[in-house]
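Down below are the structures I want you to see.
Both complexes below contain chain A, partnered by chain B and then by chain C.
Here is the complex of A and B:
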């Protein structure tokens, strides 16, 4: 399978004392595949995801390596060109939906602004696309949601709005950083369901970051296990859960009460 | 799924705070209107000297009496409101704009830009602002224009400080990150995400600062550095009236009371606004 995004020898370190945050990691995201990224808190998952879009503060953090989106290396792009990639070709779903929207504007305003940042279109057209996107994640009464302010919606709804927003620009790559952490079980299921739907419908390459192994087991096709800034193991999801190679992976599985071979696939 | 989208009623209850808010707004609003309409409201020309009627008590022709040159005190108060309020707004708006620009830049960019700008602000803030204004006026020479420029040059520092702090806390918020992730430019983030979110505190500080600006203009005029005779301005009126403090104290009392009322209103308004927005100034 042809990779959409391939990361080669990505290293991230602080400028002040050269402390490595992520060391020489390489992986690929393929179209229509969900790649899971697991690891304990602080192992570098979020830093990696931000580095893919070069969103880390370059005054504080230095990153090297190559991030190839199709054939372009994102490391070489100017800030202006990068902005077109962010949200356009690579979309991002954040961890905490309740705080990811500006409190002072309506959902509709923010959706339409983002659409119009990337595609030249009229307000009316942007509105239609926003409504369409909201319907796609089964949010009823989209015109009422467009008029609502973020605080008027629940976390689960906002997370679905965020998925709608991320998907309506038809990105090639979707990065979901702990998209279910802040949600209750019912909404977690919904969000995962829509991610799966996005993958199936648009053939999007999805990087799903989570510390929840059950989420990864359910969703991912391919899994990267990260520990202290390094990828210690990457494997097909069945192989990983059935025959974990690295001792760290084994320990991780045990901690979650998922002994090797304990997963009925 | 039904979404409860009820908006809180604007005037669901008329509390004490609200009364203050409305009362002060109405008073200041009327005062602004009166200042604007001074040429039509004023019973006399505020500059018309008529020594035959000097230092008169209030009468139907002169509702608040006359000053030592026989000029109508009420007319002078009304015209004085134009200067005090008008230039307070000017000083407020311009120092706000400079402060907003520099504070936001410092807070958003950070690093050495921030260091440089803030050290400069520290330098300005090390002096009491009135002393600094006095010094600047000493350099520029007395006059309303000079006082206003001096006040602008000094006041923006306080705004810059405040906006820097606000922007620094805001820029760590998730929605700013979300905007960056979605490919928004810095200008767009400033316009769409930073500015609207600093409006409430801006409103509060703005009302409080208006009071100070009026105070400063009046103080400078009282010292004879701002509005020059025969110009009608509250501080200048107190200055002119002070020679008659024993015989006609009302010449100082009227403008003094006006200054007090206006500043108190602005302060109360700011306090109740900050309460409304749940801020602790």
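Here is the complex of A and C:
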């Protein structure tokens, strides 16, 4: 299978004291596959996802290695070209939908702005595409939502708007950084369900970052286990849950089993 | 006598806008509950169900529009001494502490408010508290940003138990922690409950966390109490719609049981 995105020997360190945040990690994302990235807080999950889009502050942090999107190395691109990639070919879903939207513009304004930044089209066409995207994540009364400000929607609704925003440009790669951590369990399942729908419909390659092994168990094909900036194990999701190789993975699964006991068959 | 009695509590929020008055929104409707000393009540429900509002009412941060809350038989809005006996731990530990204070000063705040301790006794008490929550003396002089989320939550717990309360409101206290920290904080809470005889109101939407700590379960939905399960067994065996909805939302623990992806 040909990878859509491949990361080769990515290393991230602080410039000030050379402290390594991520050390020499390599992995690939394939079309139509969900790759889970799991680890404790502070292990480098988010910094990795930001590095894929080169969103880290280059005055503070140095990154090396290769990030190949199809055949292009994102590390060599200029800021201007990168801006076409961000949102267009690689979309990002953040953990906290409340702070990911601008509070001063309506949802409609933000959706249409994003569409028109990447694709040349009329306002009317952009609006139609925005409505279509909102309907795809089953948000009722899209006209009303377009006129609403972020604070007028619940966290679960906003996260669905974020998915709509991320997929309306049909990206090849979708990075979802803890997309359900800020939501209650009811909304969590709904949001995961729509992520799966995106994957199935558009054959998107998804990198799903989570500290919750249940989210990984529900969604992933392949799993990367990260600890202190290193990938200690990568495996097929079934293999990982049935035959964890690394002691750290075993420990995570053990804790997961203790907490989850009872509710599942 | 029960430790806590909630009697027919209703609460509404006014929805005021510039130049226009919208009708008030009911967030709690005729909620009645009792809680015995040394037990944990799991308060479950969706976001927006009124769980946190009920928590704020129990803390005396908000006064219900109707109904009464009795702590050891006395109305908590008249008998202010109950303030010392009811403490709270919130979800976002970084937002719950003053970033300019050291851990020692944070934990000392309720002590200096409620008790008169000599500087030596205060220091001694702070060290004991830190040890109780699994931290060390050297942490006293550190600032919030020097701690991880899990460690800072321990400091919030130390602050909550500082005045020897009888009841702690845990408002989503483990919801934003990763699995490793969540397990450790739940262990700590269970241990403190046993050693200090604490009662908890554990507000959460995480049913697995609720099950590891609670003796009794209630479900709030749209401000109303829709389910009351006196034991863990009666909760796990219940088949009504509200419990089913919670169960349905629980994710698989192993890819073998997954339902979102087939």
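Remarks
Just so we're on the same page, the second predicted complex is superposed on the first by the 257 of 265 C-alpha atoms of A that agree within 3 Å, B and C clash if a C-alpha of one lies under 4 Å from a C-alpha of the other, contacts with A are read in each partner's own complex, and residues count from 1 in each chain.
Just so it is clear, a residue touches a chain if its C-beta (ideal position, glycine included) is under 8 Å from a C-beta of that chain, and two chains touch if they have at least 3 such contacts.
This structure is a prediction, so every number in the text was calculated from the model and none was measured.
Of the two partner chains placed by superposition, A:71 touches none, neither chain B nor chain C. By the touch criterion defined above, A:117 reaches chain B but does not reach chain C.
In the superposed model, A:217 makes contact with chain C only, not with chain B.
Using the contact criterion defined above for the overlaid structures, shared-chain residue A:155 touches chain C, although it does not reach chain B.
Looking at the shared chain after the overlay, A:16 reaches neither chain B nor chain C. Legend: residue contacts after superposition of the two complexes on their common chain; A:147 is shown touching chain B, with no touch to chain C. Those residues of chain A whose C-beta lies close enough to touch chain C in the complex are 34, 40-42, 154-156, 181-189, 192-193, 196, 211-215, 217-220, 237-238, 241, 252, 255-260, 262-265. Taken together, the chain C residues at the contact with chain A in this complex read 46-48, 148-150, 176-183, 186, 205-209, 211-212, 236, 245-261.
Only residues 1-5, 110-111, 173-175, 177-185, 188, 192-193, 196-197, 199 of chain B touch chain A when the two sit together in their complex. Listed in rising order, the residues of chain A touching chain B in the complex are 53, 55, 59, 82-88, 91-92, 94, 96, 99-105, 113-114, 117-118, 139-141, 144-145, 147-148, 152-153, 157, 162, 165.
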